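Encoded as structure tokens, the structure appears first; notes follow it.
As written, the chains take the letters A, B and C, and residue 1 is the first residue of each chain.
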Amino acid sequence: MSELWRLNLAEALIGLKKGDFTAQELTQASLDRLKAVEPKVKACLAVLEEMALAQAQALDKAGFDATAPLWGLPVTVKDVFCLKGAPTTAGSKELKGFHSVFEATVVQRLRKAGAIIIAKTNCDEFAMGSSTEFSAFGPTKNPWDLTRIPGGSSGGAAAAVVAGEGLGALGTDTGGSIRQPAGLCGCVGLKPTYGRISRYGVVAYGSSLDQPGPLAMTVKDCGRLLAAVAGPDEYDSTVSKIPLGDFVNPKPLKPTELTLGLPTELWPNDLQPEVAKVLTEAKSLLEKAGVKLVKLDLPSLKYAVATYYILATAEASTNLARYDGVRYGLRQEGAVDLDELYAKTRELGLGPEVRRRILLGTFVLSSGYYEAYYKKAAQIRRLIFADIQKALTACDFLLSPVSSLSAWPLGSFLDDPLTVYQMDLMTLPLNLYGGPGLTLGAGLGADNLPVGAQLWGRPFDEERLLAAGATLESLWPPLGRPTL
Amino acid sequence: MINMEPVIGLEIHAQLNTRTKLFCSCPVGQKAEPNAHICEICAGQPGALPRLNEKAVELAARAVVALGGTVNAFSLFSRKNYFYPDLPNGFQTSQLDPPVGSGGGLNLALADGSEKFIRLNRVHMEDDAGKCVHDEKRDRTLVDLNRAGTPLIEIVTEPDLSSSREAMDFLKQLRGLLTQLEVTRGRLEEGEFRCDVNISLKPVGSETLGVRTEIKNLNSFRYVGQAIDFEIRRQTALYAAGYAIEQQTLHFDHLKAETRPLRSKEEAHDYRYFPQPDLPPVTVSPETVAAIKETLPPSLESVKEKLIASGLTLEIVNNLTATPGALDYFLAALKAHNDPKRLGTLMAELFLPTIRSKGLAPSEAKLTPPKLGQLAQLLAEGKLGKRAAYEMFGELFASGEDPLTLAGAKGLTLVSDAGPLLEWAKEIVAANPEETKLYLGGRKKILSFLVGQVMRRSQGAADPKKAAQALETVLGALSQ
Amino acid sequence: MTINQDTALAVARLARLDPSLDPVALDKLTQDFGRIVSYMDILAEVDTTGVTPMYSPMLEPLGPRPDEPKEPDPQKAEALLAAAPERSGRFFCVPRVV
């Protein structure tokens, strides 16, 4: 079997340009690899083999195009992105077999850039979860240890990248859904600034928090993917007009030019020992190279988890009101009246975690509770924003763990939603803040599981964030890929 | 017993005169098959996002300025959450706080000639729902989403109205203003202008408002009047009998002319409003407001004053302003022939009754304003008699032909050629020796009798002025 | 605040989630829900007097769009109708609303 699937995006692009191999050969290699490992990893919900090969053939026929920045590169997209020719389920039974009538802006931009979408990846239902175990179609397994979770909600995307099912992926991040699985699977994941990438055609979870972003094996690859999909879109009025920057070739930053802030709230004493050990080593590598590390406090983070879960579930509760069995999706037959139709349909189609969040979100918006919960949380969001903003004037970026645990065994926390929510503390403040975040591998733990670290940047500062990420990447040991 | 008086407030929904929906580019206001004008956005598909129509904001701001309110520099859309099959997203996108406009009001002309200022609470934008059709035979409800996403403004008054008459007059005046400004087309039968009525009773002179009921979705001024009158009677009777008024939402049954509770089991609504995160705040700059003020046509009041000053009666002026589009038509016709009195009379007596009977808007008439102007001109120049004009109007309206051509074809134009007129004059002078003698003796007034004879002889085709001239010529020759 | 079964049921009804659970399931739902809400109560200790709520981190977003109609797309309209679990001719269809 061809080993072309092992290449990263940048390497593959050089090979395609030089004519070392064709887009069809590369696509076929990724598809073959996908078919070989998928029974173990279960990262994908749909494989777009025919469409992908036809597209690769068309590209080869037309010849290499240097103006298409992702020419001939096989990638995957999370199953929350609408595209034509395959179902869009968002990991929910409610949307099983649902075909969108339109394509997400980022999907169109991927195609226009010459990328070949080979599969749609698994995720927690409607992107609500941190382990992919809440997918209605079964969990994805961590390629490093198939008894463990890959993280989530973009767990399928991260597992696919690490397992070699496509050279890059697009996921979405509402409270850490790109960064946490990237950390637990050992790849690079970027959550851009809110408003950097269009959300049009992305099945919504929390509209003021959701942001699509790339996952890949290297920081540089993430920059290349970001450059292809970012920027204003006439269909999403929350996208910013602020100029993009050079994501493909960001101006490099030397270690000695970097000051990283370490928020005490995110470096607790009770990190899992394997995680703590790798991160301590990673920090000392940075210091040896001349990176300046400074401790600082973000006291408002104490309230971040409660704030996030109020705002995210409030938005989710109404974003998911459209799944009512009237216009599309699942419907429970035989309802005697409309209320029963709604209730039975939603009970049947929506999983327990989604229903839990809809319930919570409905509660915090309801009459008598709005002020104490929803409005209060929106006010505290402002305080958290100010806190992080201030911290980021004292340093260039914040550095934090991605998760206090490395990938945990499947089924560990299924009955304990609150504990899992609290574990999101490492990632979700950034979504409240809006700024960009980059996860990259800091090393392998003694348990042979990846440990990730995360850089937090100022809003719309992705170019410098990518440059800093590349610097850290060069200082830390490469994780490589697990054997499957 | 304490005397009670009604306290009435209105919530008016006016469809904004845009080409596309509020949040997507689907067309509005066009006839179409059910669900033909829908897309992923207005049909609530997963992943779709709204994008605001700038024209809707401009029209809403125009309404606010014209109504003397404050255009808020910054306003927010919120989601109003409830489940209904015609509501594709499971929420309506409306404005809670702050709305696009606050305050303002309208001077309501009362029957006794005095005025009453009706205060407005707010003006906000929102999208309309789709339509449900109930199929009783099959026990199903059918949903058409063509209307879903249509832009509306809701104008909320303070409870300043105190009778059905006032409420109806207010609505007519408001509609006249908003249609003149082209904020809305205001067609009642299309549901483009409809209202909810809030009504309660309070002891005369008291400041404390009673429990109010809300009558939903009235789309005719007559129904508004009937519904208010019925509701006042109902509430008064309940008070008199010592029962409490229940706060409820009512539906007006126009066949029985009575109000009834809208839902059998009254369900407490909890709309869970919160700011719509998919839409940036709506901003209207002071420059934009200033520009709107500049382009705003003169107020209806000042236009009316001008028209009365130009010689029109109040009755005709009211007639012109009560029919949407009539004033524009009239002003356009004036450009062709600047004779307000004659044109006003033609409008009131011929044009407006005809379009009303045909159910047309003035702009839809084949008879264009310049042609009505020509008709007035023919009358003024004496080329057409009044009777002839009235006789041919039906045909003129239907065909939209040139008035002179049509009159000519029908032989209705007045004969003003000297030849036939002189012949007729000689004939009449010869046939009336007595009168001729009197005229020549100095009784000049007898001429009008002779003109009448010429007119009769010509079967009304003679131009009376020219006929008089011809007679004078013939008589003048005799006196020499 | 504590969440009792009545509150849990009322919220479930508002969200159109089927509240017809067996007693054990309802008890579990109420407990989970209650635990999470109690955790949220931590926010009460923050003084937010005079703090403007932050509803979104968006910065310099696009303005409104021009009022220019797109040609209706009959194929898309048909696809939207075709996706309906129940349709009647050109209508979406549900049990009759009283």
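Note that a residue touches a chain if its C-beta (ideal position, glycine included) is under 8 Å from a C-beta of that chain, and two chains touch if they have at least 3 such contacts.
Note that the coordinates shown come from a computational prediction; the quantities given were computed from them, not determined experimentally.
Interface comparison, A-C versus B-C: the pair with the greater number of contacting C-beta pairs is A-C.
Of all chains present, the one whose mean CA position sits nearest the global mean of protein CA atoms is C.
If you average the CA atoms of chain A and of chain B, the two centres end up 56 Å from each other.
Chain centres here are Cα means. That of chain A falls 23 Å from that of chain C. Inter-chain spacing, taken between the CA centroids of chain B and chain C, is 40 Å. Annotation for chain C: residues 14, 16, 55-56, 58, 61-65, 76, 80, 92, 94-98 touch two or more other chains. In chain B, the positions touching at least two other chains are 40, 43, 45, 51-52, 83, 85, 141, 143, 270, 272, 274, 277, 280. Multi-chain contact residues of chain A (touching two or more other chains): 98, 101-102, 208, 234, 236-238, 317, 321, 324, 326-328, 338, 342, 362, 366. Residue ranges on chain C touching chain B, taken from their complex, read 14, 16, 55-56, 58, 61-70, 72-74, 76-77, 80-81, 88-98.
Residues of chain B that touch chain A in their complex: 40, 43-52, 79, 81, 83, 85, 88-91, 141, 143, 270, 272-274, 277-280.
Against chain C, the residues of chain B that register as touching in their complex are 18-20, 25-27, 32-40, 43, 45, 51-57, 83-85, 132-136, 138-145, 263-264, 270, 272, 274-275, 277, 280, 282. By the touch criterion stated above, chain A contacts chain B in their complex at residues 80-82, 88, 90, 95, 98, 100-102, 104, 199-204, 206-208, 234-238, 314-315, 317-318, 320-322, 324, 326-328, 338, 342, 362, 365-367, 370, 374.
Interface residues of chain C, counted against chain A in their complex, comprise 7-8, 11-12, 14-20, 29, 32-33, 35-37, 39-40, 42-44, 46, 48, 51-65, 76, 79-80, 83-86, 92, 94-98.
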